[in-house]
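Starting off with a structure, shown below.
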Amino acid sequence: MIKVSILGASGYSGIYLVHALSSRKDVELIHITSQSNAGKPISEVFPSFNKISKTKLINFEKLDEQQIASSSDVVFLCLPHGKSSLIISAILKFNPSIKIIDIGADFRFDKLENYELNYEKHAAPDLNKYFVYGLADIYEDRIRGSQFVSNPGCYPTGALLPLLPLIKAGIINYDYPVIIDSKSGISGAGKSINLAYQFCEAQNSVRAYNIWKHRHLPEIKEKIYNEIFLTDTETGSGSETRSLSLPNKYYMSELLSLSDKYPDVIFTPHIIPVIRGILTTIYIKLNSSIIDNNKIEDIYNNFYKNNPFVVLLENGILPDIKNVIYSNNCHIAFSKNNNYLILVSAIDNLGKGASLQAIQNMNLMFGLSADYEMQDFTPYP
Amino acid sequence: MIKVSILGASGYSGIYLVHALSSRKDVELIHITSQSNAGKPISEVFPSFNKISKTKLINFEKLDEQQIASSSDVVFLCLPHGKSSLIISAILKFNPSIKIIDIGADFRFDKLENYELNYEKHAAPDLNKYFVYGLADIYEDRIRGSQFVSNPGCYPTGALLPLLPLIKAGIINYDYPVIIDSKSGISGAGKSINLAYQFCEAQNSVRAYNIWKHRHLPEIKEKIYNEIFLTDTETGSGSETRSLSLPNKYYMSELLSLSDKYPDVIFTPHIIPVIRGILTTIYIKLNSSIIDNNKIEDIYNNFYKNNPFVVLLENGILPDIKNVIYSNNCHIAFSKNNNYLILVSAIDNLGKGASLQAIQNMNLMFGLSADYEMQDFTPYP
Amino acid sequence: MIKVSILGASGYSGIYLVHALSSRKDVELIHITSQSNAGKPISEVFPSFNKISKTKLINFEKLDEQQIASSSDVVFLCLPHGKSSLIISAILKFNPSIKIIDIGADFRFDKLENYELNYEKHAAPDLNKYFVYGLADIYEDRIRGSQFVSNPGCYPTGALLPLLPLIKAGIINYDYPVIIDSKSGISGAGKSINLAYQFCEAQNSVRAYNIWKHRHLPEIKEKIYNEIFLTDTETGSGSETRSLSLPNKYYMSELLSLSDKYPDVIFTPHIIPVIRGILTTIYIKLNSSIIDNNKIEDIYNNFYKNNPFVVLLENGILPDIKNVIYSNNCHIAFSKNNNYLILVSAIDNLGKGASLQAIQNMNLMFGLSADYEMQDFTPYP
Amino acid sequence: MIKVSILGASGYSGIYLVHALSSRKDVELIHITSQSNAGKPISEVFPSFNKISKTKLINFEKLDEQQIASSSDVVFLCLPHGKSSLIISAILKFNPSIKIIDIGADFRFDKLENYELNYEKHAAPDLNKYFVYGLADIYEDRIRGSQFVSNPGCYPTGALLPLLPLIKAGIINYDYPVIIDSKSGISGAGKSINLAYQFCEAQNSVRAYNIWKHRHLPEIKEKIYNEIFLTDTETGSGSETRSLSLPNKYYMSELLSLSDKYPDVIFTPHIIPVIRGILTTIYIKLNSSIIDNNKIEDIYNNFYKNNPFVVLLENGILPDIKNVIYSNNCHIAFSKNNNYLILVSAIDNLGKGASLQAIQNMNLMFGLSADYEMQDFTPYP
């Protein structure tokens, strides 16, 4: 029985973890915390939690680090950035071997400076080096058995899953920018209340936001640069292998000193009036005109061949967020014209982009298969 | 040139008044006030106000009663209940002949006690008797030339327009309740920020609320009882005439002493995920089995025969809010089975149910035709 | 291992059955038929069916009654009315002991005349008497172990679950009509293509339809009248017991001869722009002023005390379709004022109103608990 | 009085023309044709057309070219491509001086081969040279007084309005592709009935489609190449002037012979679940690092300085389709980082992208100001 506590459990990613884990027979929910709902039963705050799984339900509680540390095997943190660091430090004092999965941003960067430049002064800088970047479909080998996982941002997940296999294959021409145009559902903004996301304001609203400034851009950039560095230095002219033996952390500043080899990365997030999902359209240029569709198919199929969640769509079908919401799946398609390649991916920002990838990480951390007891409940219609 | 000021102009009904009046060549917008946006140009707060009507645009201002009183012919108040009373009192001191149209609830009740029972202690009780209830398609004769108009609530507008002609015709059996089941778009909750109306919470939400407790129920009830009293006492067995010569105010308590003649009125509001519109379904029983469809058609067509806004739909077409949003129209249909009659009406809660009915009232107060310069911009698709 | 075949498996209720049953370890999907998609793999028609449950997936096939009869333990039919009767007759010839769950309307009426009056001449009239009406939360005892179940309509499910306990308790005043005002999502219209349900036509559309004419009205009426008859004749002044020992079929015509004891039933369906869900608001009058809230709570809690799916909400929470979609749950609340009682229920029209209730019926027919392996995936947000 | 006929008047762009023109006092609607609705009054097909403009309403008719030619000053054609050519030929035989505005694609290409390559064999090739490309905010001078105008496609309008001023200014580095990523509402697919656009299929659907293959790509490309050619050859190093004196038609093939000077153009259309609107995000690289924000602002403000419809947003506000729907406005913003420039534009695909731009063209053809009697009814909320 895996004893699980979830901190920040009444937000969108937190309650989704509660929901998804409460049907697991090998999981026991020990503590679920919520500052604003402490003391209330889940079913009062979320009336959908009624009846069928009644016996498993517990109340929201206030956060008590000692209690959580002493009674849990793993803790999921769904907290605003900055908060996680402090709480994790406190928990580790009571239980140094507890497993941690942080859904927030505190430990996503390999290089601390990248975090501090884009967020704020880090509250637990010494811990950063212990965290593995939990892009579970790419870094499975590193995550398996690790104690600390930092769950990736939603946009980076949607961008990196289609991009990294091609980067590792060394087929991209870095004289041209990598352009990432993402369209996200509104739940990406979290459960906080905001005039712009009131129904009447949002239903007809489609817009770009945070151009050049979104904090997921440096995250994407760091991970891309890491892989370029790795591909170039360790595996020569490009490789599709996933058997990585690199240390957990690379440093963008080192990479940047090699910067003429690294492409510009452009990222524009957009808000669209759906609850969930991110569609990502990526524009790249190939470095050779002799790369054909079969070669690209092979790269993806090879890369994700044992992976149950990342699907290269066939028969000309293009990704649609409606086909992946409420799942841990990522659908990918590509379309080539001369040397230009357009990639399209679809994920659920709260599923693959947050809570379900976190559970995939938990599975790996506990030695289970990536898809252990993970079901797909993509609604149709 | 009618000089208009709008108080509370950055809320949903306020900005709609600004929008609808800014294309009128006979109207000049003098002051538009907004506590939160004072000092800003409209186009900064509402980017849709750009370019074409640029020359007419003015800034939001702080409220200055004296300035408004001295420079305006008519003032629209789009303020929370309680506030209007105080401000109107202040304005009248500076300009006793200024015309007032109150979109809020302060002066909707004929009988002060009904207001105080359902809202709060009235802040300007002496003014109440001067206000006409601005249900413009029914009480046109009273409104024409009057100085003070209280704009009806949105639900009462949707319920009373189909109901009152039948009440005046005396064909309803009051031994059975009048049941009003209304479905409203989310803008009815105003522009205030609320978790329940965040897009992610609201898009799939359909629910009843405030059962038995909604403040529009006593408003509907008072107006129904007034008309029953009037129909019974003045015009005998029922009449379809609109030439009323009654004083502005009737009193429900007097009516209630006659209460065995008055039906129970039941009203259940529901929230549905559209921005605008109210669909109202009403269940009544007729007092005679010999009333046929032709008779009912005649009652409506006769009653609204000179009215450009209230339409009894033909050819079996049923009202749909999509056909009336962004208009001042009310679509009505009825369906009879034995002695049961189902009425359905559709209005725009912010158009006919608020700002456009207010403009219709302004037209009448200034001696213009009800539909003077009123256009219908119901979007399709 | 329960061997299941699903006919009409690419429609909304059919594919939902495939989806919900494909995660059951005790169920094997043998044949899934689809006229329009025969020969195609599910994942081509429904791209969400990719990867994770890949191994269980099969192709859509043409209908072959003999093959289905010989290889299946139970057959679900998701077909237009009229078609089921013929196909069931054919299947039974090949396998007289096969279990049948008909999602369509063919066998919903106790009395054949009621079907023929509202639909068409019945194609297998002799079979009708063998079918149990599969309102699983009420008629569990009859369904358990039966061979033939007719799954109720979606509107009747939403109306009968809150109504029947009160009817059985004998507390309703039948001198007043029972008024049922239902608001349904668009998937209720099925997967057929229709201009009125194109996104651009439907997103802002809220309307009543088929007033007095919807085929679910006679279905609701027959079931209400059956229960009134039963309550009056067998259990005296009213009872809350669920231990029924009645024959499967009662006859409305017999009931109608007793008609002065039976209330008028009024039903108005509305379409609202959500994909799934039915909210039902019901207006009744109680037959005694001494029935208080506690009494009504007791009736419901007693009636559904062992039921994992029907929930009387507490703490003043009102049903919301967003809290029941993609589940087999029915949420109920009531609100009393004098002798008037307003009931509100929320269900998923395709879940509790179709496919998931059908699986609940399957569980009962196979001797399993009603909630065996039924999970609740109500999305949030 | 301008006598107007509208062919194909019951489709989305046709009925929008009827709606927008029916409030014009200087316009008389003579004939409105609809194959499927001939003989019916507008208000029966579109119930929103009731009451207020009742007196102006006419019936849908069958197409009669002679009648239309002899009674109309101008004809709008809202027909499938291929059809317009034949009908225009027929109409011109009866009335050679009649004005024509074609909303369809038949005459959008300067070079006939471009049409035939992307659509089909042209049915009236001799007429092509007479048509002006009606991108009214750019080519006002050519359109003013012309007899034949071909209304641009919706995507090209959204892409060219922000792009062409920069191309004319000569500041783009054509060694890099011009990448256009467009997000369109569903009404762009027209009123045709399609499973993919049923509400239940479309509400949660976000996807790319027709990558590399959309017919608006060659239209965009031809217009970009024309302007590059013009800018390079006639005005030297780039100019922001709008006083063009070029012949109506340039030829892409000639341009293509100069092809090393012309950039690759990439265009990816996406479908998002809103009724109306196109948001276009464009990625370009500048050809000099000394171009600053002020310079770009100047280019736009200068270029559109007398234009009432195209707005460069200020104060960091980004375009949002909700701020332009139901208007003829185009909102533009740009964001620069090093030499990369991201442009964002928002238009209404049926307004600026079809019917309202067509009316703007009509105004110019009749010597009126571009914004004569054009009002902006962008709904809020």
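The first chain written gets the first letter, and so on, giving A, B, C and D; residue counts start at 1 in each chain.
To be clear about the criterion, contacts are C-beta pairs under 8 Å (C-beta built on N, C-alpha and C of every residue); 3 or more make two chains touch, one makes a residue touch a chain.
To keep track of the chains, here are their UniProt names: A, B, C, D = N-acetyl-gamma-glutamyl-phosphate reductase.
As the structure is a computational prediction, the values presented were derived from the model and not from experiment.
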{"item": "Contacts common to chain C and chain D (chain labels)", "value": "A, B"}
{"item": "Pair with more cross-chain C-beta pairs in contact, given A-B and A-C", "value": "A-C"}
{"item": "Chain separated most widely from chain B, comparing mean CA positions", "value": "A"}
{"item": "For chain A paired with chain C, centre-to-centre distance based on mean C-alpha positions, whole Å", "value": "40"}
{"item": "Length of the line joining the C-alpha centres of chain A and chain B, rounded to whole Å", "value": "50"}
{"item": "Sites on chain D at which at least two other chains make contact", "value": "12, 187, 191, 200, 203-204, 273, 275-276, 320, 322, 325, 379, 381"}
{"item": "Partner chain B, residues of chain C touching it in the complex", "value": "176-177, 179, 181, 183, 200-201, 203-209, 211-212, 264, 266, 268, 270, 272-277, 279, 281, 283, 285, 318-322, 325, 335, 337-338, 340, 342, 344, 346, 379, 381"}
{"item": "Footprint of chain D on chain B - complex, ascending", "value": "12, 15-16, 19, 23, 44, 46-48, 50-54, 187, 191, 275-276, 308-311, 313, 315, 317, 320, 322-329, 331, 371, 374-381"}
{"item": "Chain D-touching residues of chain C, taken from the complex the two chains share", "value": "12, 186-187, 191, 193-195, 197-200, 202-204, 273, 275"}
